[in-house]
Structure formats: C-alpha cells, structure tokens
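One chain, chain A, appears in both complexes that follow, with chain B as partner in the first and chain C in the second.
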Partner chain A sequence: MQEKLESLMQELALKKIASGEVDRVLAWKKGESYFDVSPAIFKESFDGFTYNAFCGANLSKFLVEETKKEGKVLVFLKPCDTYSFNQLLSEHRINREKVYVVGIECQGKLDINKVYAKGIDGILDIEETDSELKIKTIYGDKTVKKDEVFSVKCETCKSKKLVVFDEKIVLNEMKDNKEKRFDIVEKLESMTEEERFAFWQAELSKCIRCNACRNVCPACTCTNCVFDNNKSGIAGKANADSFEEKLYHIIRAFHVAGRCTDCGECSRVCPQGIPLHLINRKIIKDMNTNYGEYQAGETVTPLNPIVDFKKDDVEANTVVGGKK
Partner chain B sequence: MQEIEKKEHKPLIVAFCCNWCSYAGADLAGSSRLSYPANVKIIRVPCSCRVNPIFILKAFQRGADGVILCGCHPGDCHYSTGNFHTRRRMGILFSLLNYFGIEKERTRIEWVSAAEGQKFSLVMNDFAKTICSLGENRRLEDLRCKKN
Partner chain C sequence: MLKIDISSLPLLYEKIASLYPLVLPIKKANEVNYDKYSNGAEVSLFTLKTNKSPKDMFFPQTEDLMKFKVDGQKIEIIDTRKEAQPFVVMGVKACDYKAFEVLDRVFLVDPIDTYYKTKREAGIIITLACDRPEESCFCKAFNIDASSPLGDITTWKVGDKLFWKANTQKGKDLTEKIKDLFTEGDEKTVEKAKQEITETISKLPFSNIDVNALSKDEMLDTFKSDKWSKLSEACLGCGTCTFVCPTCQCFDIREFNANDKIMRFRCWDSCMYKDFTKTAGGQPRPTQMQRFRQRFMHKLVYYPENNDGLYSCVGCGRCVKKCPSHLNIVKVIKAFGGEKK
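Up next, the complex of A and B:
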C-alpha cells in the first residue's frame, strides 16, 4: 500500500513537471536509513523520493519561503498539514497562486524513539506492511505493530479531512482519533495545582532552549521573533531558574494562541521529549468551552477567538486551568 | 549576641488600572478617605487592553505575589471595545498560568468605574487578604530579581 502511494505520488509529480505546470516538488527524501526522512525539493532528479510511515514532517511552513521564489511548487500535504496550510493562507504568509496542493492519504506516522524504547537497536532496514514494521537489526529480525509506536500527534489525530487541495491521492479510508484528543489535558486539569506545577516543572526544566519547537511551528513565521532579540531578556539561552523555564513556553503558547492548528510538530521535534502540544491544546480546549468551538485552519479566515469577542463573554476569572 | 530579625512576609501586589475608570476609582477612594492596603502598587495604563500578557509575567518575575487588572465595566471602555479583548485574553492567560500550577487566586480581573471608589477599596482589601493567606509567590519567581 505504502509503495503504491509513493509511486502514484512520484508519477504525478513527474507528470506535472514534464508538462511545465510546476517547476519543482516539495516532498520527503530518504536519508541514510528508512526512518531518516527529511523534507526536500525535487527538480530534475527524484533520487530518494519517499513517502512512508516516518514522513511526519509538516511541509506547509516551507512554502512561506518557497512561494517567494520564481515558479510554481507542487507540495504533498497530509490531512493535518492542510490545516496549517489554510492557517498560513489566513495570515497571508503563502502565495496560493504559486502552489499546487496534492492532498495525500495518511494512516498515522510513527515515532522511531518509541521503537528504540522497545529495546530494538542496531536497525539495518525496515519493511512496512499496513499494520506492522518488519525490522532487520544486527541482532536479528523484529516485528513491531504500528499502532504501538504512533507519534503522539497521531495518537490523538483530530481529523483526517483534507481541508484544502487541488488534487488528492487517497486509496484507503482514513480514521482519526479525535475522541482521545483532550484526554491528557483533562487528566492534568483533574490534578491539584501542586501536582500540575510539579509535572510542568519536571517537563520544562528539561528544555535546552534549542528553539526547535519555534522553528518548526507553522504558526511561528515572524521574520523578527522576540526570542531572537537579545535585548528582550528572553532570547535563546540556558534557563537560569524555574521562572525562565516557563517564560519561554508561556510566551510562545500565547503568541500562537488561536492560530495553533494542533498539528503537533512542536512535540515531534523536541529533542527533550517535552509534550509541548499539551500547552496549546489546553488553550484550544478553553477557547472551545468558553468562546465556542473553533478549529484553526479549517477555513481561511482572519478571525480567531483571541482577536474576536462577544459582548456577553464569560468573565476572565471564571476560566480556570484546573482543580485547586 | 546576634539579633535575629524575624521578617514577616509582606506580599507585594501589582494593580494595573485603566486611566479612565479604575484609576479614577482609586482616586475617588483616596479622596473619600477609603483605605486600601499600602502594598498594592498601582500602575496606570491607558486602557485595560494595553496590558500585554508579558506585563503580568514580568510583574511576577520581579517579585509580585499577586497581580490584579482593573478596567472599565464591559461596554464602558473609553475605546469602546478594549476591555472585551482584555476579558478574553486574560481569561486564556490566567487559565494557562493555573494549568502550569500557579495558584488561581494570584491573578484577578475586576471592573471598577470612576464612581466606584468604595468598590475599589473593597476589591483591593479582599485581594490583599487572599494573597496574604496564599503567602509568597514561589512558582513564578526569579530569584535574581528578589532583594532580601
């Protein structure tokens, strides 16, 4: 199935380039191993072109720079990536005319760290079936069920709808996991303030301020980011105390509030494994309960709950983070 | 013998007051000889919506134990809609701080008009009492900013 998709995608890409309709293709490229996949531009050569269960990277943010260049670019977007794409359109960060969007099927992406966590090491190669990974290692062959190693963002996939596309390649039905979306947020809410503090203290003190979460976030496209301003007092540096450990995350969460599509990229890239998506997911939950259901990126709109208001909104003091 | 001075914790409270209503309300409280605690430090802002979330965070960083934001009653904002925006923004921010484990009572928002000197004094006394019972803010503090 995976090979079928991949070859259909490549076929389409080649056709569009040959006809001159697009100039280049933004997709994923295989690195040194099966799971080492990174975003790449393909033009003449399609060497390494790949689409497999490790193509978690969201390609939409690259279009901010890509659409500033000459010519049209073809991009492959998974369902969650299409939300980010729409959101970027809402913010006038992408030139829609310069993109040909191909919506593609996604059955959930995997996290290689979860494979390692199963004690599987020395991986030589991986073969993928619909539900399993057949892993060849220097210690022998192993099999892992895909649904045991889903990346966090896919464990709680909010929607499998392709909200924007010019063409789509979907061979099988896709299933979301939206019932589970707010489970962990609710669990945190049910803890006491002290326990929540301890939880976040433990998580956020691991942060090494590499800024990867900001760099990857499709909502973080400011050309001059506050965290790059050395005079701001919050520019990238090691955290000195519990206040600074939280400050960066509170500021960033607030900057993207209302625009965060819950794509989960922040958690996916964090080298320290901090569950960053739980921060903005809380904001999304609060906005849904207090100001009406809203999903960023579902449509192209300049309004979002943080810049909008109603005259009879609930009072701010009544919006609470959780139990006492 | 060394004398050991027993220091009682005096909470520091920062109150952001909008120029058009709450600040005038504070003025009225003063001229009506209604008292409010001396450890409430008022910062005048042009409108409640001038308060960027970072102001609140910085107040805590520099040693505040509680932060309260006062503005005109909804519908009465001098700039028509400022406080409607404040209400949403602060609702989200205060909830997020609480989600991180910062005690909910440390942040508050109140609408106080220019004619409500009495309400101003009541609100500030009550808030100061709450913060006193909570004690020192330890969860959002920057030790380098604190003097002993």
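Up next, the complex of A and C:
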C-alpha cells in the first residue's frame, strides 16, 4: 500500500514538472534510515523521494517562503496539513496561485521515540506493512503494531477530510477518531487547581527554549517574533526563572488562539516531550463551549471566534476555568 | 576493581548524596535529564542518552554573572560568584566526558572563565561505560572508546552488577568514604564486557563515517560548496541541535532590570538564531544556510584548526535524534564524502 501511494505521488510530480505546470515539488526525502525523513524540494532529481508512516512534518508552513519565489510549487498535504494551508491563506501568508495542492492519504503518522520507549534500539532498517513495523536491529528483529506507536498528534485525529486540494491521491478509506480529541483536556480539567499546576510545572520546567515549537508552528509566521525582538523588552533566549518558561508558552498559546488548527507539530518536535498541543487544545475546547463549534482552517475566512464580535458573546468575567 | 549489586544502587545514591550534592540522570515528567538527586527521585542511571547533556553542570543554560545596584549617580557592582562546593556527577558517558575537554579548551584558556573553572574543579565525575549503544551513536568516528571512559571514577554495568574503579585522587578519596558498600570485583569480567561493547559499536550504522571529510579540501572550497543550500533547506532555525549538544558553547550576555537592581546573566545562545552575534552593524549571517554552515564549519573545521585537530563533536547523536527536520551532522559529513567504503 505504502509503495503504491509513494509511486503514484512521484509519478504525478514528474508529470506536472514535465508539463511545465509546476517547476518544483515540496515533499519528503529519505535520510539515513526509514524513519529519518526530511522535508525537501525536488526539481531535476527525485532521488530519495519518499512517503511513509514517518512523514509527520506538516509541509504547509514551508510554503510561506516557497511562494515568495518564482514559479509554481507542487505540495503534498495530508488531511490535517490542509487545515493549516487554509489558515495560512486566511492570513494572506501564502500565495495560492503559486501552489498546486495534492491532497494525500494519511493513516496516522508514527513516532520513533515510542518505538525506542518499547526498548527497541540499534535500529538498522524498518519494513512497513499496513498494520505493523518489522524492525531490524543490531540486537535482533522486532515487530511493532503501528497503532501502538502513533505520534502524539495522531493519537487522536480530528479529521481525515482534505479541506483543500487541486487533486488528491487517496487509495484507502481513512478513519478519524475525533470523539477522543478532548479526553486528556477533560482529564486535566477534572484535576484540582494544585494538581493541574503541578502537572504543567513539571512539564514546562523541562523547556529548554529552543523555539522548535514556535518555528515549526504554521500559526507562528511573524517576521520578527516578540521573543526575538530586543526592543520588545521581553526578548529572552533562556528561561531566567520558572515564571518565564510559563510566560513564553502562555503568550504563544494566546497568540495562536483561534488560528491554531490543532496540527500538533509543537508536540511532535519538542525535544523534551512536552505535550504543548494540550494548551492549544484546551483553548479550542473553551472556544467551542463559549462561542460554538469552530475549527480553524476548515474554510478560508478572516474571522474566527476570537476576533469576530457578536452581541450575544459570553461576557469574559462570567467565564471561569472554561465553565460559564 | 570494586563491584556493587545494581539492586543496591539506591543505597549508593543515598550514601553519596549524604556527602556531596549528587547529579545523575533522573526521570521527570517522562523525560530523562541530569538533575540533582533527592530522596524519592526516579533515577534512570542506565538511560543511554539523556535529552540534554551534562554540560549544564559546568556551563548552565542560565547563569548570573554579577549584580549592579544603582543609587542616584552611583553604581555598585556586586560579585555574585561563590566558592563552589564539591559535587558529584554520576553516569557520564564517554562521549559526554570527552565533550568536557572540548569545553575546557574554550573556557580554561586565557582569559580563564572563572564561573566555569570553579565548577569544573569542584566536580567529581563518575563515568559509565555504554552497554547498549544506539543507531544514532558515532563516537567511534572520533576515536572515543565508549567501553572505557575516563573521569575520576569509571563504572561498568555487567549483568546485575555495577563495577567501579577509581582513576584519580579525587575518585579514590570518594571511594574510600563509601567503600563499605562494595565488594571486590573481578577485572576479567569487565575486560570481557569491554570487548563485547567494542564489537557492538562496530556494528552501528554510523561507525563507518570519516569526519575528516570537511577538512580534506581547502577551507574556502568547503565553505563555498554548493552542497550547503541543499543540506540546510529544511532547517527551521530553531536551537534544538545546539541546546542538546554537549560541546556547543556559545552564549549571550543579557541584563535583567528590576528597578534599582540590575542582574547581568549569561545564557546559551544558538548560531541557528537569526540574531546570533548581531551587532550595531547588522547580522553577519543573514540567511539560514549561512547559519547552518557556520555550525558545522565550527565543529568540523574551525575548532580542530585551532585545537590540535580535536573536533568539536563527540558523536553523541543527540542532534541526530532531536532535529525536528532530521538534519544532522552525519548527513553533512556524508555529503562531503565522509563515508568509508
């Protein structure tokens, strides 16, 4: 299944380049091993072109820079990446005319760290089947069920709908599991204030301020972030104290509120395994509760509940902890 | 050579911690990093790769340098340096131990960095031989022997025992204070384990890389190579690689102003950041490609040029595991032909 999808994608890409419709392709490239894949631009050579269960990276943000260049780019977007694409269009960060969007099938992406967590290391090669990973290691061969090693962002999938595409390559039915989306948020809500504080204190105190969450985030496209701006008075390259590490993440969460599509890239890239997406997801849940169901990126619109004032909006001072 | 049952290690931690502050790999919120031991801490001594390296112990991510007190026209300078008390770092792997040498050559040459020096002298380092290296490890490429790290004391995990050997006076003094926890260990058992580790390491996929690749040509040719733009195209410009790196040593000095008091502190900086070494004249490396190139040129060309051929990379593989875009030093070395056939 994997190989079929990959070869159809490459075939289409080559065809579009040959016809001159696009002049380059944004996709994923094989690295040193099966799970070692990087976003890459393909033009003349398609050496290393790949699409497998470890292609978790959301390519939509790369289009901010790509569409500033000459010519048209073909991009492969997974269902959740298409939401980010729409949101970037809403914010005028991408030039739509310079992109040919190919929506592709996604059966959930995997996290190699979860494979390591099972005590599997020294990995030499991986063979992917529909439901399993057959892993060859220097310590012997292992088999892992894919649904045990889903990336945090794919443990709950909000939607398998391709909300925008010029063409799509989908061979098999894709299933979401959106009914579980707010389970962990609800668990956090049910904690006492002290427990919740302790949870976030333990998580956020691991932060090393590497900015990977911000730099990968499709909602973070400011040319000069307030945290990089020496004139802002709050620029910081480090967590000077335990307050500052929270400040950074809280400010970021509020800045992307209403625009975060819940793509989960922040949690995927965090080198310290902080479940950052839960902060955003809590805000999404509160917005749904207080302003009605809303999914950022579902359509191209400049409005979201945070910036769209309605007379019957809930009054801020009547909302405590997400409850009216 | 001494030995202790691994099941008795909690007693060892307690004993050492009763003498000196003890720092070792501890699991907090599911992740393992070097942290100060306290009763009840979830020690994870045998975690091969902590997220962050132990360089924090000598070169912390943030460190107060001095305080100023402003009173009208007068500025009083307050020295915040303290005499460092002895402390123990346990579980340091061969790669991370080698990284201290890389840092020493930066901080302990004239002008000597006294903040680093006091901590470095106060530290008693207990290393741990690797018993289960991973695919991201490539210390062998830098001639580092993961089976026999140095340090004040070296330890080996063999079966259900931890073998213990003091190498320096500091190490012997500490051992003397805690020796009633140990029994006599057999040198031959450790020798056999060391051989097995060496064999395992030769099977690792990156054991064949040749780090001389970047310096084999003229420096300017490597610098001007058109390979850099392709290698760096997916770089997000985050600081993950630099902050998990045991040898990255760049820092920024900043001030925190609280009314009449000013705190001057330093914090790790990253050459991946767009304001890195920015001056009134501007940013010397305006593109991400230039910043990316700087990191690897520094590690594999400039640093060895200035330090008798010592590389500023120890093959710990943290950047290999942690880069959000899976870019890393191994790919750079291979792109420049650094793969032994």
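Just so we're on the same page, the second predicted complex is superposed on the first by the 317 of 324 C-alpha atoms of A that agree within 3 Å, B and C clash if a C-alpha of one lies under 4 Å from a C-alpha of the other, contacts with A are read in each partner's own complex, and residues count from 1 in each chain.
Operating definition for what follows: a residue touches a chain if its C-beta (ideal position, glycine included) is under 8 Å from a C-beta of that chain, and two chains touch if they have at least 3 such contacts.
Because the structure is predicted, anything quoted here is derived from the model rather than measured.
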Fit or clash - chain C, chain B, common chain A: fit
Contacts of A:99 with chain B and chain C, given as first, second, both or neither: neither
Chain B versus chain C as contact partner of A:89, first or second or both or neither: neither
Included angle at chain A between vectors to chain C and chain B, based on C-alpha centres and rounded to the nearest 10 degrees: 90
Touched partner set for A:306, first chain B, second chain C, both or neither: first
Contacts of A:284 with chain B and chain C, given as first, second, both or neither: neither
Contacts of A:154 with chain B and chain C, given as first, second, both or neither: neither
First, second, both or neither for A:247, with chain B first and chain C second: first
Which superposed partner A:115 touches (first chain B, second chain C, both, neither): neither
Partner chain in contact with A:315 - chain B first, chain C second, else both or neither: first
Shortest CA-CA distance in Å separating chain B from chain C in the superposed model: 6
Shared contact residues on chain A - chain B and chain C: 240
Interfacial residue positions of chain A with respect to chain B in the complex: 188-189, 193-201, 240-244, 246-247, 250-251, 253-254, 257, 279, 282-283, 286-287, 290-291, 305-311, 313-322, 324
In the complex, chain C residues that touch chain A: 28-31, 33, 48, 51-52, 61-62, 132-135, 200, 203-206, 233-234, 236-240, 242-244, 252, 254, 256, 265, 267-270, 273-275, 320, 322, 324-327, 330-331, 334
Interfacial residue positions of chain B with respect to chain A in the complex: 53-54, 57, 60-61, 74-75, 81, 84-104, 108-109, 139-144
List of chain A residues in touch with chain C within their complex: 31-33, 36-41, 57, 62, 116, 121-124, 137-139, 202-203, 205-206, 208-212, 214-216, 228, 230, 236-240, 268-269, 271-274
